[in-house]
Amino acid sequence: MLLQQYLSTRQYTEHLCNPLEIEDYVPQAIEYTSPPKWHLAHTTWFFERLILKTYADNYCEFNADFDFLFNSYYQTLGERAIRAQRGIFTRPTVQQVYQYRKYVDEHMHHLLSRPISDKVQQLVTLGINHEQQHQELLITDLKYTLSLNPLHPEYSPEFNLVTDKNQDDGWVEIKQGLYEIGHQQQSFCYDNELGRHKVWLPDFQIANALVTNAEYIAFIEDGGYTQFHYWLDEGWQWLNSEQISAPLYWKKIDGQWHYYTLAGIKLLDPDAILSHVSFYEANAFACWKGMRLPTEFEWEAASQYLDWGKRWEWTSSAYLPYPGFKISEGAIGEYNGKFMVNQMVLRGASVATAKSHQRYTYRNFFPPHLQWQFSGIRLVKDHD
Amino acid sequence: MLLQQYLSTRQYTEHLCNPLEIEDYVPQAIEYTSPPKWHLAHTTWFFERLILKTYADNYCEFNADFDFLFNSYYQTLGERAIRAQRGIFTRPTVQQVYQYRKYVDEHMHHLLSRPISDKVQQLVTLGINHEQQHQELLITDLKYTLSLNPLHPEYSPEFNLVTDKNQDDGWVEIKQGLYEIGHQQQSFCYDNELGRHKVWLPDFQIANALVTNAEYIAFIEDGGYTQFHYWLDEGWQWLNSEQISAPLYWKKIDGQWHYYTLAGIKLLDPDAILSHVSFYEANAFACWKGMRLPTEFEWEAASQYLDWGKRWEWTSSAYLPYPGFKISEGAIGEYNGKFMVNQMVLRGASVATAKSHQRYTYRNFFPPHLQWQFSGIRLVKDHD
Amino acid sequence: MLLQQYLSTRQYTEHLCNPLEIEDYVPQAIEYTSPPKWHLAHTTWFFERLILKTYADNYCEFNADFDFLFNSYYQTLGERAIRAQRGIFTRPTVQQVYQYRKYVDEHMHHLLSRPISDKVQQLVTLGINHEQQHQELLITDLKYTLSLNPLHPEYSPEFNLVTDKNQDDGWVEIKQGLYEIGHQQQSFCYDNELGRHKVWLPDFQIANALVTNAEYIAFIEDGGYTQFHYWLDEGWQWLNSEQISAPLYWKKIDGQWHYYTLAGIKLLDPDAILSHVSFYEANAFACWKGMRLPTEFEWEAASQYLDWGKRWEWTSSAYLPYPGFKISEGAIGEYNGKFMVNQMVLRGASVATAKSHQRYTYRNFFPPHLQWQFSGIRLVKDHD
Amino acid sequence: MLLQQYLSTRQYTEHLCNPLEIEDYVPQAIEYTSPPKWHLAHTTWFFERLILKTYADNYCEFNADFDFLFNSYYQTLGERAIRAQRGIFTRPTVQQVYQYRKYVDEHMHHLLSRPISDKVQQLVTLGINHEQQHQELLITDLKYTLSLNPLHPEYSPEFNLVTDKNQDDGWVEIKQGLYEIGHQQQSFCYDNELGRHKVWLPDFQIANALVTNAEYIAFIEDGGYTQFHYWLDEGWQWLNSEQISAPLYWKKIDGQWHYYTLAGIKLLDPDAILSHVSFYEANAFACWKGMRLPTEFEWEAASQYLDWGKRWEWTSSAYLPYPGFKISEGAIGEYNGKFMVNQMVLRGASVATAKSHQRYTYRNFFPPHLQWQFSGIRLVKDHD
């Protein structure tokens, strides 16, 4: 079954690349994104470097230079290419990267066709989850790159990803009390979800529905981007220096809001759920509404009552270790812990997240100014 | 009594400037510091702008241009001089700034000699606390400026501020449970301390003593600054790009550690309490020790058992609003709330903090890379 | 014959791209370089925009968006894509760009098969020369991009371009006197060569041979890069901030100098002519030798006696207008004149320059810090 | 007589500082300016370091640290304080700097009261000329610093410096031919003026009058700053990125042009000679007029017929060595030669230049974007 999971995950990554031209695989439009080619190779390197090279008998690495090219940020594993230069490596070619994938898949197939240790099983599961994260990033990054092209290229007509609507409205009321937060470890989770612990929560009400485009337009039209008192000071500096006046991909054409989608440029759907806002924008919107964002603990406590999984939802929680959090030995210890400063937690999952990758204890995190995720807003109020 | 408090606070600020030459009042060495002249004028402007101009009868402002020059960051109160340019305004002269102080003090004296409303009383108390904060910044900023001078000028022989020692050692054990956190409001506090609320804490042990210079040297000598796995990723980037390899003001001369103090350059005292480390360094040191920093809640819960008030102590808590936190109307609403992102909380107080300005609920905050505060480290362990 | 010239120039550009993979066409490694795809399209746009759209009957443009994408710097011709973003446009694809070339070539073929006006003839000649410049840039830029790849990819085994040697040695002696400088206009030249005028030159001697790798190694080994007094102040700052200690593409491997060439990484040939130095380096080397670089006027006066055309040779002349220089009306006026500040003149031609594009009055120009050209050094001395 | 020159030069520097407050001596508003205190000390250091320490018997230096603090850019003479940090050194105090001047003056007085060698005589003359340059910079830099202050402080009511008018109009006609350029060496000059040499000049006409404020306003009102084709490409980028739309210190108040002068803010005098333009602006203005700037050789050849000495006049010549230019041995070799790249020559002298410091062979030079000099425009036309 692990083999099945492995193979289907690997195939799905390649399936996502079906609509791409060779040229689309190459560029890195901004430092925090990566080229499709790099995502394809890096996820493969992860299996080769952490599993095959240690646990497969007589494994012979595909190309010794790939270790330098496709290591992302694992200092434990040696020198890496500079992050900002992923878009200038024209070789290996796309075809060679697919050969690399094939080669590693064959060896993984062989490895997983026999009894494996718990340790290997855990690493394979981690590798699968890692690849799922990169599937999402591949789509998210691709949208960013294509959006800059004045030709507004379409990735795929079925892949709009931003027209889904809320199923529900109203408010869920949560009573004050001690809640258990964190993963219970019966199944896979990342290390940052571990350390199940008690958190005292106050009374609060949390919205069933996420904020829609129409609601956000009301904020814009009420001068939301021109009034400093809705904004955190850093957010205000950000919008002024970057000249931000709308969510990412929004563009006013002949007086009408449009947005770039993976199906090309479209008229904005007012009823669809808002996407591509930064934490600064999410926080300012909530402030304008006289409400606030949930903490990640409130979100987790309420999650069973909510319809979630369409947008990454900004919380008001900074990304910090749970009580008892320990960084693991070796490379996998670099997966999460070293990023626990100056980032905000997002909960839920986005339309680009694999279903089997979603869980209510999942802690996603990004710096507060980034808009390129499929990120939205859920409001909380303290009392009626 | 408020008048007395007002006058003594104002006098103490000027007392701190006694050892200064006129030239010392002028420069701004780096954007996050301010010139002594500016501190003297800005604290005065605070009383003039928020109190006298509204609540004193027929008050005539000292100089209309000062509103532009000495507003720090209150957007509610109009345009301000660019923060990075505080060091280029040679006029008003130091003498004129003292005249400004005298003028405002006379009017405040008059105002406070009569019955005043609760509102005014609150604002005056805020202004006094505000000036106390700037007394501390004045000293902290001055140290930074003088330290860059190759002549190593002495501010005052009595004002060393970094040779104090721990009174205590051992560990305080705190039991898990629900603790009340936040100010109880019988006396003055800032808005960010309000919203007293329950927090569940796990068992932990917190050190009576702060980390000493000798302990920190052991970290350095063990390669602390050259091993990435002790560091947050941003911290590692920071130390590499800024070429940090010791606390601020430390300098090795002929193989021996020295540090610049306000009494000139001195041989480092190994038994003295460590000062001038960033959050990144504090966190890395704790990691090297196999321990951690306290959360601000743990710190507050344990504070009654601790000897504190010599260093600002980095906590592992990001600076976030307490439950129910509300930003006040008008300018004073800009005091705290808008900075609640990408900063870490420090608890305690430093040797430069006025005694009457210290309380166990006080939440100081700075970005994680700054070293120029008198900031130190208190360790926590989860179990023996 | 013009048609023949047109067609062979166009074919040669595509011939240069034969060894490329699709991926190689995409990236822009640094702002002053461009992707091969862009060079292919921009040269085509030049013919379409300046000739076909005005002078071909009923010409229908290939794609209206290309005007935005493939205009380089002609403000007269409207808005352009930001120069630094040429590497992120994955569409049009390489195949579409070749279709664009084919389409324009067909229309040009048609236009040039009939009688054309002098004006059109001049513009076509300009377009051919323009494309020749981009042929050279294509190779020069490609080398830069491939060199950054740790796989050291080979462009073509025949295309080394840096192993050619001097044919001659000794010195040419030129007598003081009035010399005529500038183009005589019987054939094509750029506007910056016009304005033939007298220049008084002193006696000088100019080297028959260009500086070799071995001579430059002597400079390096004598501490050339560590002694400020050989360097212009800006050059000294440049080498310190960019950490330059050798020509571009040089790398010491196991104690031996190697260099990246278009045929892969090779052991440095000491007898080959030096390449890839900046003006700062050329000037410092000459200073170390106790000699100097020629002015562009000295170079031109001596050129008939010299073996030149293998390297762009840095002169000591700033790029300035000749007497009577006039900027032409319209877009072609932007070709040269607006760049006449803060650049140095290079004379000669490089191994990457088309033969028919070389002439002794040609004025090439680049900022003094750039190394990526096939640029070398010819020395001058004032007397024995 | 040299002693007399020495003493009067030194006194004049201090005379210029009479109107200053202590605070005015401290700040460095931008990297290319220096604080008055630094000018006072650096000129003194020049005499101490280059003359007294070598040629005065038993000379004991005033303070060993001053070598580090007050060396400007002489690498030959050892390490220096970073140029951008001249404004943060509050010590030595202004009073101590005056003591330093007094101390050095006494020793120079003693030295110059006895027979001295030619070498010393030359160095003293160089030191006097050096101090005259810094007198001018002191005023120019001071204007820049004071101008940023919203209080618009006045330096001195007599010191306006920008209201002088042209005495003459019409054109001087110069015939083509060989002209001798450079200094003849009967009296003091800088090394960059040496190497008297022939230059062939074409026929040209040069204006008797400099461009006035009124003429420049016509350029502004005709859209001069919004039309790219008047501008060099770098100039166009400069005005867009720096948001330049008028000469430095100009400000429109209630629809009327004003300018900051050393006598405070004043209504612009339309008949006064234009000041504080960059080379980019001078070149664009000339282009708009259908004329051009003179080369430095044309300027020198015509200078005997012109009324000059009120503004530094931008020429179209890049700052390059004259034929035979040799960099001197030792520190004085760093005076001029190492700056000969990416700068433009200015000829004449400004209202802030000492009379005895003016000569028609003088070559001043600055980067093309700087406006803070008293720099103006003289036009040339090639024929009627």
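We just call them A, B, C and D in the order they show up, numbering each chain from 1.
Simple rule for what comes next: a contact is a pair of C-beta atoms (placed from the backbone, for glycine too) under 8 Å apart; a residue touches a chain by one contact, two chains touch by 3 or more.
Bear in mind the structure is a predicted one, so any value in this text is a computation, not a measurement.
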So which chains are sitting against subunit A and subunit D at once?
B, C
Let me check something: if the centre of a chain is the mean of its CA atoms, which chain is farthest from subunit B?
C
Where subunit A and subunit C are represented by their mean Cα positions, the distance between them in whole Å:
44
Provide the C-alpha centroid distance between subunit B and subunit C, rounded to the nearest whole angstrom.
57
Mean-CA-position distance for subunit D and subunit C (Å)
37
Could you check subunit D for residues that touch two or more other chains and list them?
none
Would you mind giving me the full set of chain pairs in touch?
A-B, A-C, B-D, C-D
Hey, which residues of subunit C end up touching subunit A in the complex?
21-27, 29, 37, 65, 68-69, 81, 85, 87-94, 145-146, 148-151, 153
Touching subunit B in the complex: which residues of subunit A?
73, 75-76, 178, 197-200, 202, 228-229, 231-236, 279-280, 283, 287, 316-318, 320-321, 323-324, 327, 333-334, 338-342, 344, 368, 382
